[in-house]
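Structures given as structure tokens follow.
In the two complexes that follow, chain A is the common piece, with chain B as its partner first and chain C second.
Coming up: the complex of A and B.
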């Protein structure tokens, strides 16, 4: 356990050596919120209601997306694992008594924490600037389930993206493009671009079978009290099942991948 | 009792072939041709505790692949391997805590942080107790003279300094076995020498088993009593370095300095003329005839100096690899 704490501490220090990079990344997030704000602003200037949402509701949703994604989707593992497999740097880990995926999960969490700290500052500023009409649920159990769902979201995200990146074991040169496509897909199907309830009920039910809606849409829906408590519990249970299912697949694929691993370079 | 035992080790890779150019790339999208590369082809050897063994061979001979199998990175195609009683590719933590792999072309240190941070991480990964860590670190830092660089960002170190740090990171858990893959690659001559001195000292002081691969014959000549020569995946020699000469060199070199000019063609009846640049010449002759021929040359030519020499080990090995008769 202590080894992972040390990894956590080093990751934190490491992120700080890229101060400018980090600040620019945060600026990008602020710009993104502002852009989305003006986009929806122009959509709703001609319509009172679009996709069953009022302008204010829609904006509140997108605002929450920013908060959730900066936690769930900040994952340096996505940018590094493919290269480490293809370039052979995975060697450094395989010869040591440390779990490679646990190592990256730890590094992701360090990055999440840092992003969350800074997102807090931006969000407060933007909050006062744009005044989104967000009301969180007043039910404590509901709030707890919502927070747990955020945790599940970040774990499911980790497992599913690592599953995608395992392709590097077989096609080390193709990972970057594939990851890009998958991430865009994921963000859309997770509800990162628009709330999923604008889609029809059958589509939504179908999506429940995929890991995606648990990443962004449902954590938000539960936190703002859009679902009943029992419905929230139901969603939470499904998300746990999703996590278990994909973790098992990941374990299997990873084991196969390591057998195929060429330990290139050097 | 051998610490490392390898028998019948084979590792074949499937590699896909791509024809040159864009059309080749497109073709390979749909129809890939694969062929087997026999990186290691039926290799067997045993290594005892405390030995310092050099693996030599040209690029792509299979040295590194063998090391990767021994350290558990690769699953072999077939063969039996036991290191410290473990099967390496099971990757048992108890096994991993007892060896280290250093690759001259890879770094394990955190690039943006001072090396000391990576040492601390390795201390935790290998669960080294505080007092032992401190003692080992102090010793290594002193031996390698890097005290002043411990707190410098790794990216700002020179290659030589960084390799020393890599070694410290690899040795912080006092491994029983050390696999060194090209540890001196890219270093200048002085730094190569320092590295060699360190490796020798470390092997003596801690009785750790060391397997070293290198392109530089100097590394091997100076460090290893025993060498294993691998070429095209096959083990072609395993034994004392000096025995290579006995086994492969059935020739000796007569180096002659003439006092008056002579005709090159007149020398060729004695053996192969390897060098001829007046007043010097080198003639390769059959080992058992060397004294007789030397006497003959002394009689027939105006000679200032004559020596009977063993051929250079580099030459022998090069010729073993190129498959030429060692003459």
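Coming up: the complex of A and C.
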């Protein structure tokens, strides 16, 4: 455990090395939220309710997207693991007494912490600038389930993206292909641009079988009070099952991948 | 700067780049499929949203779809042409830019047009087909509107050229910036919806200071007959000024190139 704490501490410090890059990355996140905010702002200036959301709920949703995305989807592992497998640098980790995926999970958490801190500041500034009326759930149990769903979301995101990047074991020259497809689906079907209940009920039911809606949409839907407590628990159970399912597949694929790993270039 | 010899060289760069893309067909189709999914999902969302609610800006679902398609037409064309800009920073950091500067070919053309992207060409054909179908079926633009649209489309490409030149110039001056071209992409993504949706101050900023509104919203408005003549003239003047400024900035930024690591 101590070695992972050291990795966490070093990674956190490392995040400050390229400060300009980090600040520009945060600016990009804010720009993305602005488009969604003004789109919904226009809709709610002439509609009291749209797709079952009040303006207050929708603006809370948009603001929470910035926070949850920073927490769930900040993952330097996505940019590095494929290259390390493809370039043979994985060797350096295989001979060390450290779990490779645990190492990257720890580094991701360091990045998440920093991104979360910045997202908090950005949200505060945006709120003072835009002054939208926002509404969250007032139920403490629901708030707790929402926070647990955020935790689940970050773990599901890690497992699914690592599964996609495992393709590098078999196609080291093409580390980004499948990952790009997954990220494109996540961009829209996770609920980062619009809440998924805008879509029809059959599409929503189908999405329940995929990992995407558990990443952004459901954590936020619970936090803004769109779901009942029993429904929130049901979604939490499903997200735990999703995590277990994809973790088992990742374990299997990673084991097969390591057997196939040729350490090319390493 | 652009003469027949340079055009032939650019054509050779394009053929090489296309051959490179076609050498890995599965990857080509994966990326094309992903891009289609990305564009289609957002397009369906915008159309559904504005077909079911009455937004303050007063646009219908079809009009919003037109704004989005024209946004993608301009964005994809500029990505197709200027993909090489995304590979510029490693060239400067490694000192490899020396080899570009010493060749008898304009370096700006090389770093702008040296690697067009075939994947975007596939996407562009799909967007143009949809645009022709929707405008022909629902919008019925007059000849005037169509001609002004083409004029403003070229104007938008001039602005896109200027923005990419600024990115290249800043890339030379500040080596540590990775995200700059992506900032430009995110800034332009703001106007996937018309600038009319933003507050007055932000609309002014996005139209006249960082003219992404002129670049994306104006051509769509012109095609739908929603743009006045004074704004057409103003947008042409602004893009001429911005493009001239970008050429000046490029020459200025070259003074900062230090040939490090070479």
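We adopt the following convention: the second predicted complex is superposed on the first by the 241 of 266 C-alpha atoms of A that agree within 3 Å, B and C clash if a C-alpha of one lies under 4 Å from a C-alpha of the other, contacts with A are read in each partner's own complex, and residues count from 1 in each chain.
Heads up, the rule we're going with is that a residue touches a chain if its C-beta (ideal position, glycine included) is under 8 Å from a C-beta of that chain, and two chains touch if they have at least 3 such contacts.
Keep in mind the model is a prediction, meaning the values are calculated, not measured.
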Is A:237 touching the first partner chain B, the second partner chain C, both, or neither of them?
neither
Which of the two partners, first being chain B and second being chain C, lies in contact with A:124: first, second, both, or neither?
neither
Report for A:18: first if it touches chain B alone, second if chain C alone, otherwise both or neither.
both
Would you check which partner chain A:3 touches, where first means chain B only, second means chain C only, and both and neither mean what they say?
first
Is A:96 touching the first partner chain B, the second partner chain C, both, or neither of them?
first
Using the touch criterion from the header, give the chain among chain B and chain C with more contacted residues in chain A.
C
Tell me which partner A:181 touches in the superposition: chain B (first), chain C (second), both or neither.
second
Once chain A of both complexes is superposed, is A:228 in touch with chain B (first), chain C (second), both, or neither?
neither
Please identify the positions on chain A that touch both chain B and chain C, taking each partner from its own complex.
18
For the complex, which residues does chain B have touching chain A?
13, 64, 68, 71-75, 91, 93, 96-97, 99-101, 103-106, 108, 110, 112-113, 117, 120-122, 124-127, 153, 181-182
Contact residues on chain A for chain B in the complex?
2-3, 5-7, 10, 13-14, 17-18, 88-89, 91-92, 94-98, 259, 261-263, 265-266
For the chain A and chain C complex, residues of the former touching the latter
18, 20-21, 24-25, 27-28, 31-32, 34-35, 38-39, 41-43, 45-47, 50-51, 174, 177-178, 180-181, 184-185, 187-189, 193-194, 198
Contacting residues of chain C [partner chain A, same complex]
24, 26-27, 30-31, 33-35, 37-38, 41-42, 45, 48-49, 52-57, 174, 176-180, 182-183, 186-187, 189-190, 192-193, 197-199, 202
